[in-house]
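Two complexes are shown next, each including chain A; its partner changes from chain B in the first to chain C in the second.
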Partner chain A sequence: MEDALAHSFHALVAGGGVFYLAIGAVVGLVFGIIPGLGGPTALALLIPLTFGMDTTSAMFLAGGIMGGVPFGGSVTAILLNTPGTAPNAATVFDGYPMTLQGRAGAALGAAGAASAIGGLFGVILLLLALPIAREVILFFAPPEFFMLAVLGLSAIAVSTEGKLLRGLIAAGLGLMIAFVGYDDVGSGTRFTYGVDYLWDGVPLVPTLIGLFAVAQIVSLYLSGGAITKNPEEVEVSRVGEGVRAVFREWPTVLRGSSIGAAIGAIPGVGGTVAAFLAYSVTVQISDEPETFGKGNIKGVIAPEASNNAREGGALIPTLAFGIPGSAEMAVFLGLLVLHGMQPGPAVLLNHMDVVTSLILSLAFASVFASVMCLLVARQLARITLIDVNYLVAIILPVALVGAYALNSSMYDVIVAVIFGVIGYLMIRFDYPRLPLVIAMFLGSVMEVNFRQSLMISRGDWTTFFSRPVSLILFLLIVLSLCVPAIRYGIRKFREGKEQEA
Partner chain B sequence: MELMRKLTRAGGALAVAVATLAVPAAAQDWPSGNIDLIIPSSPGGGFDTYGRILGKVLGEQLGVQIVPKNISGGAGMRGAQAAYNARPDGQTFATFNVPGIIQPIVLGEETGYDIDKIDWLGAMAFNQYIVVVAADSPYNTIADLKAAGEPVSFSAYGSSGIAANRILCNEVEIECQIISGYPGNNDALLGVVRGDAVASVTPINTATAFNTAGDLKGLLLMTDRDVADFPDTEKADSAGYPALASLGLIRAFGLPPGVDPEVSAAFEAAFMKALEAEELQQWAADTDSQLDPMNGDELKALIDSQTELLTRYKDVLAQSN
Partner chain C sequence: MTDRRAILTSLVLIAVSAVYFATALQYSAGSRAIPISVATLTILFLFLDILSQGEGRVARGLRRAFGGAASIRPGGDAQEQPVRQEALALAWIVAFTALATAFGFYIAIPVYVISYLWLHAGKPIWIAALVAISLTGALYLIFEVLLGYAIFEGLIFGGYM
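On to the complex of A and B.
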């Protein structure tokens, strides 16, 4: 292992690795920033370019992309209320309110520093977990996946504070959309109404583009002016403040990174859940939960740390079992195979140098991408001072082209437009949009694993509670649903006492 | 006179030129620029990997760029439809998910393509199946499984996987329960290792790649070939189930109907030549990827025998899970 590390480090410094890493990180940043384009697209475009490269260089390039994308995606989430990639959706909760308050620089700084530290942490965890990865993964079967998905859904309860009913309505809509398309368990299609396009369900990314990018830009256009309403209050030079906040709030960073790396390592749940869980846990254990959603910097730090840590975690099942932990990893798996590596336990034995190159490049890419972005964060933050009339002309076409670029499908653009209208109506009538996305994303994970669990146990539903990990997850769900109620009760009780006094 | 002769000559030359233009010089002119390759799955999977490596080698040999286009969905049906309706000018070819595209036809569903009209170029590989159980399973042969005395659970991925598991159970007469819904073949195998299911019918190459740590045990190779990683496992023929050997995933390639026969022949020759390329052989050896080069006619015959087997089990396939 030390040999492999030394070899990779040599390749990074002397063998041109830095060059590929830098290119990868820049590509990753750009693809992360543009809604619709994300890690999977960037990696898929890159596959043919790596044919002629040696494997180590290809790993540096891929690692650069995977390290750069998560932070790129947070930039638009913070500045425009539009997550660049699905896992950045949790960042908008507090990132965008900070922008509205003129603290965009601080939010970007916090996101950048949290990404870098989260990425490093994920990599360290990956190194530590490699020897026991197999055993950990075997602990998770369909009942556990089901419980994890429900835990993710319970994040809705946190993300809708004050608007619970509306949040549940949005989530219900999301669940209904989630069940459209091919039924993986029963093998048939549902709710497709004879439309071929719906066979694979309503695609998540065009939906996100519509709900966030299109809806947001329409809403901004109609309200006019600039995103930040009081330009004189804007202090875009507070990037340093954000970075310092990350070091001050180190427990939040560690918590976010741990959740990200752990959830990322469990195949079948995905990074979007990780970011939401990191956020909701942070809110729940905070002393002042009411400040979240109104520009609390911890609300940016937790999901961003989780996002970058997730990549390290997601590599574990990808390498050890050939099971991709995310869409990005699925494409990455194809890249590995093209370069003559069959993922499986053997990769860890036979290709340790490649694995360490990848780990190193992931670590450096997180830091590199963040530092680079922090340098331009001031300029990026100025976007919020631009007259919205100009922004519309740029963002709307880019968003729709992004929707098209994914599969070269015009239908995807239509989906983005339809959800743009839905999203605008939701803004207009004050319905939260994130519960819809969470439910849409988790609905099928939850359903498939619920049905699988019951098939495996032959209809015995106690399977969800008789397995230790599943039971622990169930207790966590109960806890996460009860905490807000208990907190509310305590507050009422205290207020009552104060009044008496 | 001189002028007249010149004119005649010019006219003759013109006539020749026009004639040359009029004859469809398709085969000489092919390929006339970049060629699109429709891949019926998202990037990263088996069909994608095979398609891209072929595209690279073929493109280098022809001196053009082969541009992969992933059109995923409906177990390969959407890609097949796009390929079927592509312009038949020899500038678009596709990889087809067989038996994914046969199954809906057998079940009498509306597909939007006619398999008999696809102009088959050939196939890269024919991945047959194997029945596996966990390494510590009490079952050692397919006969043990048959004699289990209770329904045996099988993990399966995708509609082709469910079909393969069902056909095995019916052919061998095992009472089985299919656990479906896994997001990939490796996930279904992991399900066997962690005890979700007792057994699984999975492509041999998937089992080989997954089994580097010896988590799995082979019970029946649904092929007559020797498989180095499962040397002692019984084969379809000797176990008395020869029909099972015609089942498998075919990495098939074809052109939309209506391509000029000369162009089609030139394309098929180029395809077969690419399959012999050293780079492709090297890739297959490095990655343990199977290569069974097959020309258009051989592929057609294999597709026919698969269709026959699937048709025989039409009722079994139509069951919902």
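On to the complex of A and C.
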């Protein structure tokens, strides 16, 4: 661990890591600021560019993006009442009222400092959790990995609030796509329908580019116009006041960071839940709850700290078990695959230098992105004055040239376009995209471990239920699938009680 | 999104899953076990999704069981858009892909950017041209010069798919 950290630190300082980190943070900020783009799109667009890089540099670039996006999203949330990414929605409640009171700079300062501290908190938690995770995964055999993959999928499907059936359908479709190509355990190819190109399966990176970048282009095309038309809305001053408030309100920062990191580590729960939970807990324990929603700076600090701490937490299941907790992490796994690493325990056991590079880059990116954004917040916010037609004109060629460049194949471009259409139709018809993407990652893991388990146990199905860890995971799957019904029952019970009262 | 559209979408997906299921039957027992299970479950969920539409007792019961999962919320995440607008958006993407396949990216990018910004977005042609040249130049620098990729030159100019 220490050697890996030293290697990564050397790569950061002497190996050009700072350069990639800075590029990543700037790109992350810009993509965070523009509503509708966000981290998955930024990562999907940049994956092809990392192909020629060494893995460590690619991790610095990815870490920069992941560190920059959350704060970028808060800029528009505070200045324009428009969250750049979904988790920034909680920042709107008090951030925008602060802007209306002429305290936009203070809100941005608070968001920046809270993001930086929250990001560092998440990274420290990740550093502490990784040695434990390395020990834990040694106890996992094929039955446990199978159950874990199913648990990851069910957790993601359940997390698609109010869309469990659609989430399960999307996961099913994703698994069906994952089984296309060579049979990992048996012999021959499956579901290729005579198309030689599909022998290696549906290519992951063009699929991600399609689902996130191309689908987003269609949404931008349809939305049209600029995000804001009034330059006066993006005025910023008195940033220092907000930064000082963060250090004064350190319990709020700590609470928000803890909630963000803990929630981030649970696959599928996501940053939006973490940010809203951090906000609501802060309101509930406050002595003056009536001031929230009217420009209380704690209402900006808590969700922003939570939002950045989440990244570190989300990397724990992603790196340790290969189970991405969010769309951003799913695309990040695509990056690992591109660099020859099979997501899951192997990364943690054999590529610790890569993991530490990512951790370092996340830590530095959180601070770097926040400092830089505070310096150029006003200029960055002006990005929202740009007509989205320019974005549509620019992003489509960048996305498709990137899809081509990976394997010098126009078929990859066609795959990206097909999945772009599928991605848009999923948005249009209310199917969550995340379960589909995660199922594509987990499909192979699930099937290989299922078949290996049966081979080892000589066809005995009880192997999945006779091992303690596997049984616990199975019970968690059942429990997770019951969550919506339980939640519904509790809601009805409460409503009944309220009516009685 | 109307109930009818939701049902139609589910029916299309059932058809796709059924074809997948039928294909899986041709493989050996080990190779088909998981794909068949997944296809079966997906078809089952799709039928449940269809049944959960509307306001009947079964539909309400299913929505309760799935925590309101199958309730139809008009438009979902996306706002209702005229189909013509959606078709146009997709047509631009398909047109760019076709152009790039035939003539290569270095011709397709300026043609697409200029025609999109000038004809569709109504920007002055000189701005559209400036964006087109800058973008093409930037992509050439990044991909060809810095990263060393050879970008597709188009089927007409001897490119290989």
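Points to keep in mind about this one:
Keep in mind that, in the parts below, the second predicted complex is superposed on the first by the 271 of 501 C-alpha atoms of A that agree within 3 Å, B and C clash if a C-alpha of one lies under 4 Å from a C-alpha of the other, contacts with A are read in each partner's own complex, and residues count from 1 in each chain.
Assume contacts are C-beta pairs under 8 Å (C-beta built on N, C-alpha and C of every residue); 3 or more make two chains touch, one makes a residue touch a chain.
Worth saying up front: this structure is predicted, and the values here are computed from it rather than measured.
Of the two partner chains, chain C is the only one touched by A:L400; chain B is not.
In the superposition on chain A, A:V185 makes contact with both chain B and chain C. In the overlay built on the shared chain, the residue A:L173 is in contact with chain C alone; chain B does not reach it.
In the superposition on chain A, no contact is made by A:L476 with either chain B or chain C.
Taking chain A as the reference chain, the count of touched residues is higher for C when chain B and chain C are set side by side.
Of the two partner chains, neither chain B nor chain C is touched by A:I23. In the superposed model, A:L204 makes contact with neither chain B nor chain C.
Of the two partner chains placed by the overlay, only chain B lies in contact with A:A44; chain C stays clear of it. Once the two complexes are laid over each other on the shared chain, residue contacts for A:I124 go to neither chain B nor chain C. In the superposition on chain A, A:S408 makes contact with both chain B and chain C. On chain A, the patch touched by chain B and the patch touched by chain C overlap at residues 51, 185-186, 188, 408, 451.
Within the complex formed with chain A, the residues of chain C that make contact are 1, 5-6, 9, 13, 17, 20, 23-24, 27-28, 30-31, 33-35, 38-39, 41-42, 45-46, 48-49, 52, 64-73, 75-79, 81, 85-86, 88-90, 92-94, 96-97, 100-101, 105, 108-109, 112-113, 116-117, 120-121, 123, 131, 135, 139, 142-143, 146-152, 159, 161.
Residues 42-45, 48-49, 52-53, 56, 68-75, 77-78, 81, 112, 153, 158-159, 162, 177, 179-184, 186-187, 190-191, 193-197, 209-213, 283, 286-289, 320-321 of chain B are the ones that touch chain A when the two sit in their complex. Every residue of chain A that touches chain C in the complex is listed here, in rising order: 49, 51-52, 162-169, 172-173, 175-176, 179, 183, 185-186, 188, 190-191, 193, 214, 217-219, 221-222, 387, 389-390, 392-394, 396-398, 400-401, 404-405, 408-411, 413-414, 417, 420-421, 424, 427-430, 446-447, 450-451, 483-485, 487-488.
Contacts from chain A toward chain B in the complex involve residues 40, 43-44, 47-48, 51, 134, 137-138, 141-142, 182, 184-189, 196, 199-200, 267-268, 321-324, 330-334, 337-338, 340-346, 407-408, 448-449, 451-452, 455-456, 458.
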